[in-house]
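These notes concern the structure reproduced below.
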Amino acid sequence: MSAALPLPLSRKTGLNWPLAAARPNAIALTAVVIGLLSLQWPFVVLHPNRVAPDGDELTVFGLGGMWAALIVSGWLLQALAVWLARGRVRAPALALSLAWAASASYAALTWGAVALSGDQEWARVAIAGGAWGTLAAVYIGAFALYAEAPRWLALPVLALAALAFAAPYQHLGVVMEYQMAADVFRDELLQHLLLVAVSLPPAMLLGAAIGLLAARKRALESVLLGAAGLLQTIPSIALFGLLLPIVGLGAKPAILAMVLYGLWPVVVNTHTGLGAVPPAMLDAARGVGMSAWQMFWRVELPLAAPFFVEGVRGAMLMLIGLATVAVLINAGGLGYFLLRGTEQAVPDLVLLGSLPVVALAFAADAVMRLLAWRLAPKGRVA
Amino acid sequence: ASGDAIVIGSKIDTEGALLCPLVGLTLKAHGIKVIEKCGTGATQVVRKALLAGEIDVYPEYTGNAPYLIKNVRFTPGTFRDAASGHAAGAAADLAQNGIVWLKPAPANVTYGFAMPAKLAAAQGITSLTQLAAYINAGKPFKVVVSQEFVDRADGLKAFEHAYGFKLAPSQLIILPGGNTAQTESAAARGTSGANAAMAYSTDGQLAAMGLVGLNDTGAAADIYQPLLTIRSEALKKYPAIPAIIEPVFATLDTATLSRLNARIVVGGEPGTKVAEKYLREKGFLK
Amino acid sequence: MTRSRIEAALALLCWPALWLVYRQEDWWRAVLAPLAGPDQPVLYERIQLLDAAQSHVLIVLTAMAFVVVLGVPLAILATRTAGKPLLPLIANTATIGQTLPPIAVLFLVTPVVGFGPQAMMFALFTYGLMPTVQATLTGWREIDADVRRAAEGMGMGPWRQLLTVELPLALPGMLAGIRTSLILSVATASLAPITGGVSLGTPIVSGLAVDNASQVMEGALAVALLALCSDYSMRVLQRRLTPWRA
Amino acid sequence: MISLRNIEKQYDGVQALRHVNLDIADGELVVLIGPSGCGKSTLLRTVNRMTEPSAGQIIIDGRNALESDPVLLRRSIGYVIQNVGLFPHMTVRENVAVVPQLLGWDKAKRLRRADEMLELVRLDPERFGSRYPGLLSGGQQQRVGIARALAADPAVLLMDEPFSAVDPITREQLQEELLRIQRDVRKTILFVTHDIDEAIRLGDKICLMRDGAVVQYADPDTMLRQPADAFVAQFFGQEPALRRLARHSVADFVRTDAASLAAAAKALNEGAASVTLTTGARTALSKLLDGQPLLPVVDHAGAVAGLVALADLTLAQTPAAASHVNRVLAA
Amino acid sequence: MISLRNIEKQYDGVQALRHVNLDIADGELVVLIGPSGCGKSTLLRTVNRMTEPSAGQIIIDGRNALESDPVLLRRSIGYVIQNVGLFPHMTVRENVAVVPQLLGWDKAKRLRRADEMLELVRLDPERFGSRYPGLLSGGQQQRVGIARALAADPAVLLMDEPFSAVDPITREQLQEELLRIQRDVRKTILFVTHDIDEAIRLGDKICLMRDGAVVQYADPDTMLRQPADAFVAQFFGQEPALRRLARHSVADFVRTDAASLAAAAKALNEGAASVTLTTGARTALSKLLDGQPLLPVVDHAGAVAGLVALADLTLAQTPAAASHVNRVLAA
């Protein structure tokens, strides 16, 4: 599980592309195509209640010609900007048209759809394929913009943030789910974070220790790496189940299992990191009279640190995802909503469970990459 | 159980999410310290927790006794009758495990089948007898069921026996660990061609999903009355519990449970809120 | 030489051996009996272990086929000069794919694709994409620039360069990533029964529902065996396909 | 004949090549030399269009290289890259046969060719042909690299610091090998190095570059004798004449007058060490410096061919100079 | 004074060192040279016990090194590793201060020391002190490596091919630097190289090894003049005398008799190029080879100090030999 390329570092990816050859046109145009195609699909679905299987499916045109016109013009402007805008106007034109398309879509989803729900007690608006497609288009468009003018990304982001603040959203199914279970949500989110926070440090320490041992003792290397890898192959639900009779219900077995799963990325990366310290460096360290301990602290550890952090990043992402399964043994976490949603057959509830997990993972990812970047040995630029 | 608090558990399903806070809130209202571990796990898990003393009480169903109480041979048919079933189960559980059964609620939570209302109306099916005829006529039928329903003696087999039909494997979509909301949602959506689902008689979401329940006209199934099971040690500590809980359970008939379940599943309200509202409504809580 | 022969033989033999082991339910019953409760069945009776295993393998292979067929070209595209701006997009999308809980994916796609193995295949696809894409990118990054230059200087066109030089040289990295994806998939495919698919997870999920430790163990053990076998085979394949890395 | 006309190359901001003009005659080995970053590799790579010049013309055998298909062009030009750049996933034989394969030769023919080339660079095809390059020593890899470049019998060979990664002894062997091969196959070679001795030893002509421009383009002797400016003089160091001597053999200095022949015969009889006509002039110089007053020279057959003494080993153009010295010293 | 007594080293199967005896006097720079794999690095590393000998004794200043704590021993011996081995995560200054820090010097003192050392190797501490090694050129890195080895003022310095990774021009500068530093600080240095010119230029003594055994241990002049066997002779190549000349300056050969002084003065007046007494003998030789019949020599102040001609530059031990040549030639 090697690193996803950190956004700010993608230029350093080593393939040495000529910098000038950035040509996101194709990507931006893909975004436009997906955005326009999405208009064909139902944008939202009006459900009479949260479990009703069917509902009125509405495309953007169904929401009102104005919204359709706004969104279509946004995408067309984007296409025009990609084709025609050159020089100093290009970046603002791209950013503006993307912001336009994104804002119009969001507005359609909020202001446009709010009228639908009316005053039926349990009626709600579910986000449908067209809206997801539009989201994908905006996401892709954002990366196209990022490739060309990263700073201008702020424009669509700010526009959406402002809209999120101003526009109504209470009619959306996910939001309704949240509002009905706000307290529970807060508790489970906290519990989720707690599970990750409690299981990560032992996984880190233990993983580092095992990785170190594997790097040091040739004889143990394959055994230790193999064992850590083997743990990965036990399905998480099975591990939870098997631990049940041993440690009982609740957070304890969940944390134990999570620690065991979290080991692998840390072990592998620590091992790789220590192995990647050039032998010449170790030779030099020994040669200047460092003891084994000093060598470890002053040379190996700093040099292996980026790998270790990479491993911790991997473990963290894995644990954030894994903690969703903990609910099966009554350990809570955001999996609660996944389980309830599955149980009650309510997609909105599943979304309420999964969206924060993805958001958490993204946040963790960003933080860890920043850390890895800070820890990378300086002056390696050659 | 820890300290002087009563630890409440429940099954990990909709009714568990309702009954658990219902018990908890009621006890709390009478000044009993309560720790809620709602949604403890699947039936066997909660039961084990109770036997191990990890929890003190949880809501069970009378008809489950043969599956929970090992090594006791109940006379066949015992659980077809509410009173005799409760008496037999309570006696056996107390004798064997020191678990006390409180008085059950006057509801019957039994298995049944549900079909899309449109289909049922078109085919004129309102009862399981008519369903059997429909099936035996070789008309398209595909039912989503849980593993447990297929495996248990009082599940699918009992229905097949009582109504005289036999489902081919291709007519079954079996979800291990599946619950009625899942099965019903699949039937309502027609996922994978399903047009029927295993259902409970107290499921509140059937109407909202556009399904109708086909109830057990031929009394094929045992009777499942909700009741609170409690460890006798805990009962000794708080002898007042039956007096507090039994009146509440007494108000829970099938229709009420169904309505309350609907609030949770259809309305999406948390079990605690539904329970609290109900208790206030009935005056158990001020 | 001999060592690689033995490895290849082992890798080839482990599959029929596994098949045999899955068929011998008596052995399983004997081993797992102590875990079962008093009147619980030791094994999951509804489906033969071997059938569950076949279905498991089918799910994994289908998902992996999509991962490879889509992930590798995507990663390669990102290594082309023209595809460079794709890189952050691909990396991020793969991250989402991997952190999205497979259970959530399962549930969200079931209404669309129906009950059965399809939902699991899709979830495995989103889950397994990232390791493959990442490792492919890494494999590419590690190709010696001089070798690439030599290929160009010999007069290889871009396609030929890709196929005869870059692809073989990135193979170790690619295979490592595919291996990781594969192992994760083998483990995660245990979730398939949740949406009506049959896999080695069926005894696990059912065992958990009825609190039958021996069934849980049955499934877990079977999955672990499958994973070990896959891992070993992949490793041998990796070595066979890259004989120059002696 | 390769003609580079007014070649310019800008990388964003950096002027890597400035107005380079260079004519390379057929069969000539031209060495490009200069400080690091002066543009040697860039210039070399314009010839097979690995680098596209920003301006200028490249004419190879009368055809404008910039108008031909670069891929086909490269197949017709041998290229030996710095650090070898062998394909690690192909055997030695496959590596050598790469260009023939690209050219669509049939299998038997290209394998035969590969083996021939391996023999040319003194690698036993039997022993090495089916090994992977990773298992060869640095010097062996270099040989394979040369064999690969020669395989399709290109008229032009580009070599970018081909011997920089090997130890001095191997390096000397490879240089000798190259000279031998060049005598046999006579290619037009552009050769980049930063080793002055290598440049002088190998180059028919040397092109000294600085900051992207050609400072001097001449044969080594001229370069050392008549450096165009102080930079050139400094670049070739304190001992230009000693360096020039490296290109001479004893035959260039031997005295064959009767007195010398007699003295040589006498010295030989007295058991003095001798050199042959093809002995390197520096070797003879070294022996003379060692205190032996004169060196008898014998020919290929062992017959006395003359005599060299220290005073003979001067590179002055006029033979008169030598006698002048003698007169001064004798005075 | 370092004494290696009967050192043996086996790696499983390989006899890396055979019965090595070596005495290194204080302040001497001894160069270890020999073919690749002959055991140079292994021998060097036995001295600071990076490699433990299988048998034998190592005595440094009368103390048995094999009985002292290896970690402390290493802190007392400077070590410059092949390819530098600077710590990439420490600044240049921190790199240099590593050993003082290990020795527990206080911070101010060790930073001051680091800056002194950087100045000693001609790196501006202001400019380079807080950079990371990755940003330095190869030559600069080598300097930092030397500064680091010298920082704790060890009496003994071990250098394992320290200059092998830099280009020839930088290499020459670094060699000069090392000689200058050695004049100033006078360490006992063991220096591994595979460059013969470097060995001759730097070594007070040269130790030629082969297959783990010492073949000859002598000063460079003796080594070149009297090679112990054919292997030694071959190893140092065809031009031993030319190589020996590299260690001499014009002062060793200048003629100062009246006739010569007069001739020199005359030549100077005529505008002939001159050399000084400290000019390298090879440079003078090169100028003479270039056709100038004689070179006037001037002293530090510019006054005429004598004259050299080609025939003077012989390394024969008996001065008689030179006149002998002249006689023969004049005949």
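Letters A, B, C, D and E mark the chains in the order given here, with residues in each chain numbered from 1 onward.
In this section, a contact is a pair of C-beta atoms (placed from the backbone, for glycine too) under 8 Å apart; a residue touches a chain by one contact, two chains touch by 3 or more.
Predicted model only: the values in this text are computed from it and were never measured.
Taken together, subunit B and subunit E share the touching chains A. With steps allowed only between chains in touch, the distance from subunit C over to subunit E comes to 2. The count of contacting C-beta pairs peaks for the chain pair A-C. Note on chain placement: the centre of subunit B and the centre of subunit D lie 93 Å apart, centres being C-alpha means.
Look at where the CA atoms of subunit B average out and do the same for subunit C: the two points lie 40 Å apart. Per-chain Cα centroids separate subunit C from subunit D by 55 Å.
Of all residues in subunit D, none touches two or more other chains. For subunit C, residues touching at least two other chains, in rising order: 111, 194, 205, 208. Across the assembly, subunit A contributes residues 244, 328, 342 that each touch 2 or more other chains. Shown are all chain pairs that touch, namely A-B, A-C, A-E, B-C, C-D, D-E.
Of all residues in subunit A, only 48-54, 121-122, 176-177, 180-181, 183-184, 244, 248-250, 328-330, 339, 342-346, 349 touch subunit B in the complex they form. If you check the complex, the residues on subunit C that touch subunit D are 144, 146-147, 149-157, 160, 165, 168-169, 242-246. Residue ranges on subunit B touching subunit A, taken from their complex, read 12-14, 37, 39-41, 45, 49, 52, 54, 179, 181-182, 184-186, 188-189, 205, 208-210, 264-270, 273.
The residues of subunit D lying in touch with subunit C in their complex are 48, 50, 71-77, 79, 81-90, 98-99, 102, 132-135, 148, 158. On the side of subunit A, the complex with subunit C involves touching residues 1-5, 7, 10, 13-18, 21-24, 26-27, 140, 143-144, 146-148, 229-230, 232-239, 241-242, 244-245, 317, 320-321, 324-325, 328, 335, 338, 341-342, 347, 350-351, 353-354, 357-358, 361-362, 365.
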